[in-house]
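Take a look at these structures.
Two complexes come next, and they have one chain in common, subunit A, joined by subunit B in the first and subunit C in the second.
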Partner chain A sequence: MGRTLAFLTATRGGARLHWTDWASYSYLFVGVFLMFFPVIWLVLSSFKTEADLQRYPPTFLPYQQQTIMLDGHADPLPLFQITDGEHEGKILAQLRRVGLRAQMVDPADPETRLTIDIADRAPVERFTLATENYTDLFGRFNFLLYFWNSTFITVTATLIMLLTNSMAAFALSKYQFRGRTVVLLLVIGTLMIPQTVVLVPLFLIVTELGMFNSLWGVIIPGAATPTGVFLLRQYMLTIPDEILDAARMDKASEWKIYWRIILPLSAPAIAVLAILAIMWRWNDFLWPLIVLTQSENFTLQLALNSFQGELQTQWSSLLAMTVLTLLPIAMVFMFLQKYIATGIASTGGK
Partner chain B sequence: MRGQGASAPAPLSPAHIARPRGDSLALRVIAPVMRLVEIPMVACQRLLGINRLAWVFLAPNLVLFGLFAFLPVILNIAYATTGGADVLLADRPYVGVRNFALLGDCANYLDPNSCREDKFWRAVWNTTWFVTLQVGIMVGFSLLTAIILNREIRARGFFRAVFFFPVLLSPVVVALIWKWILQREGVLNAFLDWTGVGGYNWLVDADWAFGWSVFLSVWAHMGFYTLILLAGLQAIPRDVYEAATMDRASPWRVFRRITLPLLSPTMLVVLVLALIKGVQTFDEVYAFTGGGPGTATTFIIQYIYEEGFAGAPRLFGLAAAASLLVAGVLVVLTLVQLWLNRRSANG
Partner chain C sequence: MAAIELRDVRKAYGQAEVIKGIDLSIAHGEFCVFVGPSGCGKSTLLRMISGLEGITGGQIAIGGEVVNDIPAADRGLAMVFQSYALYPHMTVRQNLSFGLENIQTPRAEIAIKVDEVARMLQIEQLLDRRPKDLSGGQRQRVAIGRAVVREPRVFLFDEPLSNLDAELRVDMRGEIAALHRRLGNTMIYVTHDQVEAMTMADKIAVLRLGKLEQFGAPLELYNRPANLFVAGFIGSPKMNFLSGQIDAEDRMILRLESGEALALPHQGFAQRVGAKVTLGIRPNHMEAAVTGPVKLAVSAVEQLGGESYVYGQTASGTAITLHSPGQTRIGLGDVIQVAVPTDKIHLFDSETGLSLRMD
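Moving on to the complex of A and B:
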């Protein structure tokens, strides 16, 4: 403990802590709490049973009432600790509850029925993870279908975007042709037209192309991003033209130059763009909300949103689904944190 | 969403250009497809010559841009000037500027109740308030966080990651996380009851729902702006600070006279970017409050969505007219941003 404190309070220069250092660390720890606690709370809650979720005030860890199987009873019986009266201190199993009284038996002596006032008993609970919240998702909630829809959209849209954007970036960075400036201006122009302001005509176009209520209606319009073209073009500009000339001397076709030389050399920028694209598509909400109106086409985000809007919200399933929705992105983040930070800082996209 | 309102990116400078070491796995996977495409591409190259081949490379992307970015802008105008509930433009009667007139029909613009399309003006004012508060608070906290992270701090990478990670969460997930915490029998109310302050049904109260929407959106996005501001702070040369220390300048003076002026280009970019995104706020608040209670958290994009897609009849014309107005605001903001980017790039 002392060493931890010494480690945390030491400054880089080895000097004593100034009050501003204390203030900084306090701020940061409050920040860590504010940023982390909600997610930790979500994950812990997702392992609670529906009954446990109804409890107020809530407990921090998930608990479940213990049960026991007794001969002659088909269902497991809940266990209670008796807190008052004749049987105080015993642990009894409840057969049924009638009004304010409960019929209980001692598991050691299952034949004798006892009648206990319900105020005199407290449930026996133990820390248990309600994993059925998760397993239920696969059976009752079509989770796999939504997961598949989301994955299919994300992967396909990312691939299409990488291909078209890298081709365009190649043309814009390595060729001198008439109209190049115009094209560049057009690309900048699209920066000014976010999807949010062309929803109505976009809807018409997608409908006319027969992509309404189809995953392709989300995939194809999403592939047109100016950010990707810019990012890749800036990177490709740094690749020396001599490499291309050398390849041309060797009679390589332009297409070969593109995919055998330029693509591998731009791998770092492509990786950044791929991560951004995966994030955009996985988290996409408004456009899928408009295009995908039938539940069998829902992405995870749409499914989550529609479940939470239902009158009888089953928080236990909803929370488990939320955790599974954020999990893929959390994994990507953990492994590729550095790329993501660079990517976002250099494109200003999100 | 398309990299909405994204800045013209600063160059992602390669530390070194990677030398291809054999064929990577990815390359081997795409190779068969690429070889197949090579056949028509070589034919095109023979036909067009090298420089005009550029258009072939550009074609797929330009088709996508044309179809899903430029054509919609033109069609948007067509929708905004026609009425009815039909999607097909041929079936829609021309109404001139009637949609705009309807939106603008107001006795007093400050009071939505006096407007014919009161929901639009509520959304406009909600958005205005929301953007002002959200951008102000968010940029303030991002700056504070960036300054603290720029100090000599232990575990800086960890703290930076902590502030950044909510940026990656999907809007729906963010909304559900906070809805779960803020619900009547949620953990926040349990805590408040325990301290004796007493819980509250937050999302049923218009003002609180609005306040929490601002909070939620700051929570979700501040990491992104912190990151940009931190990069800006790190770009300020160390020797400027050293010179100030030699002159025994107080920390406050150093901040006022050195940090702020040198950071101001980055600050401006961040402000404009935050404004552009703030105006388009929809997802997280929609999933969080559904725009309610009443219309307390209905913003302009939700208005467009509901007029055009959620209600019956579908008022595409009205939605398109409102879209054009939003687009006007965004175009101005984006132009400012591009201008700022160019200015800071030129020194």
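Moving on to the complex of A and C:
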């Protein structure tokens, strides 16, 4: 904690702040603002009610109008502060509104109905978190199902991808065989083909294989990525061949060499690829949108999309689910980001 | 039994032939050293014996069984690599156990064997460390331990000492030799250092450009080099070479390039009148003598106290080294006469490089 603080308040040295200190800190603050403001705005907005979200001008913090329960009324009545006229200063509850006039009562005297010009009143508001946005996700929408679908796809696809890519990279980096360079160039060459181009053929294949509308239809086609193969291959090239020879002399099978020697030694590169794969899969939208049409198979990204109707968008639920969707990936990134820099640096990749 | 036979073993990468037909037979329990300058194919040959490298011709037999098509893992050999090649992500204990685990040795037995080897190589206190926390010498011991623990038929060493500093190298040299005496296995050891070869080997194979130049006991190579290359390669400092032509009238006289005449021994060498030959003589066999036939302009003198080296050139510019015990009075710039004892000389055909020794 002390070290974090020391790091955050580090200066160029000397008693007074040097101008470079001012420059760097203002630069950093601008950066932090640019990065974090949208996220903070999203999180705060996700706690706003639908009405609060529609308000113009918008408020930074979520506010809700106060209500009161009165005898004889089934629903809670909204409270207003009277700003002008006969009842100025009082807090009244609105029964109904008719045009520019509203019928209101004093909570202390619920029998007497008063008619107030709506220009003479202001709603009584208080900072309140609309947690129902979140609870609704679990109650009214099947958030957990979408979460499970997304998690299943992400975890399975990442594992399959790491396995296949590392095996391919092992072969391409450590075995001498005719056509090795051609294979590698083919793999890298596929990087030049945009995914949208192969979308239709891929879709046809997936349909032929009966994986349409199944989670596997999302998992399998993305299992081998040229980037992953290339990244791992570059890293594995740095593992000395003598270690493999030593293992061969130690009577290790080729599979065992892969599993016990190559994989552990490639851990930094594999960590990088795992992080990338998790982010790719979790945030993937286009391909799941094409393959998955039934809502029980939706991933979180698709579920988010379905909140946006043609006529109406349910912003409160959309924002809340966005926050929940962001959380796991942010966690993954926070804990593993240090591997990305070291891993990429040591693979000699980009 | 683990005698090793190489019969016309060849290796080519495409058109380039790197091992050009080698015949060699190493008896069981022998310590054989492959020595040669870098690029002579000695490491390749070792890897071919190990099975890590395929062969393109000939036969390799271990213990009487041709192993050409047997993979490295099943040849029953162990190898110590130049870079040690320890598994960096495993502790020393795991490094030592890995090979035994691969042949399904029971856990308890692995522990016993590893402990025993660790005790023998004095690396017991290192068993829980990782290779990166070890010094060069310790890594070397672990690498040897990894080979020993599997109780192989044959040990292969690929320049194991070249990454160590001079002092440690001498120590480890002794330890490997002691290990050989204790285990009694056949060992093949590759080095480019002829001192290592001379001190450790029962048999030395001198290789050059993929060919076997000579195979024999260290002193045999030293005393009776088969050709110019072996003569120059074995022994430190290098043997001196003086080229000349056998006198047209008298085959007992060698006329040197520098003009001096040398008397040759009457027998032992195949001397042809008029033949161009190279005379070789070791630096410690030459000595300064007023009556000596060869004139030498001294260009450098090294006095080590117990011994001294004199470097100089003959009239034709051939570099000559003199090595004598004790201290010398010869000084820089002196011009001295040097004697060439005829019973210590070697004669080689200048064209083929082969020794003219007849027996």
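Remarks
Operating definition for what follows: the second predicted complex is superposed on the first by the 255 of 350 C-alpha atoms of A that agree within 3 Å, B and C clash if a C-alpha of one lies under 4 Å from a C-alpha of the other, contacts with A are read in each partner's own complex, and residues count from 1 in each chain.
Here, contacts are C-beta pairs under 8 Å (C-beta built on N, C-alpha and C of every residue); 3 or more make two chains touch, one makes a residue touch a chain.
This structure is a prediction, so every number in the text was calculated from the model and none was measured.
One of subunit B and subunit C touches more residues of subunit A, and that partner is B. In the superposition on chain A, A:242 makes contact with subunit C only, while subunit B stays out of contact range. When the shared chain is aligned, subunit C comes close enough to touch A:250, but subunit B does not. In the superposed pair of complexes, A:319 makes contact with subunit B only, with no contact to subunit C. Applying the stated contact rule after C-alpha superposition, one finds that A:176 touches subunit B and leaves subunit C untouched.
In the superposition on chain A, A:333 makes contact with subunit B only, not with subunit C. When the two structures are aligned on the shared chain, A:197 is found in touch with subunit B, with no touch to subunit C.
Contact with both subunit B and subunit C is seen for A:264 once the two complexes are overlaid on the shared chain. Comparing which residues of subunit A touch subunit B with which touch subunit C, the overlap comprises 253, 256, 261, 264-265, 267.
The touching residues of subunit A, counted against subunit B in their complex, run 7-8, 10-13, 20-21, 24-25, 27-28, 31-32, 34-36, 38-39, 41-42, 45, 54, 56-58, 163-165, 167-168, 170-172, 175-177, 180, 183, 186-205, 207, 220-231, 234-235, 237-239, 253-256, 258-259, 261, 263-265, 267-269, 272, 276, 279-280, 282-287, 289-290, 301, 304-305, 308-309, 315, 318-319, 322, 325-326, 329-330, 332-333, 337, 340-350.
Within the complex formed with subunit A, the residues of subunit C that make contact are 47, 50, 52, 71-74, 77-79, 81-83, 85-89, 98-99, 102-103, 146, 150. Residue ranges of subunit B in contact with subunit A, taken from their complex: 1-14, 17-18, 20, 24, 26-27, 30, 34, 37-38, 41-42, 45, 50-55, 57-58, 60-62, 64-65, 67-76, 78-79, 87-89, 144-145, 148, 151-154, 159-173, 176-181, 185-187, 190, 193-194, 219, 221, 224, 227-228, 231, 251, 269, 273, 277, 280, 282-283, 287, 290, 301, 304-305, 308-309, 316, 319-320, 323-324, 326-327, 330-331, 334-335, 338. For subunit A in complex with subunit C, the residues that touch the partner chain are 240, 242-243, 245-253, 256, 260-261, 264-265, 267.
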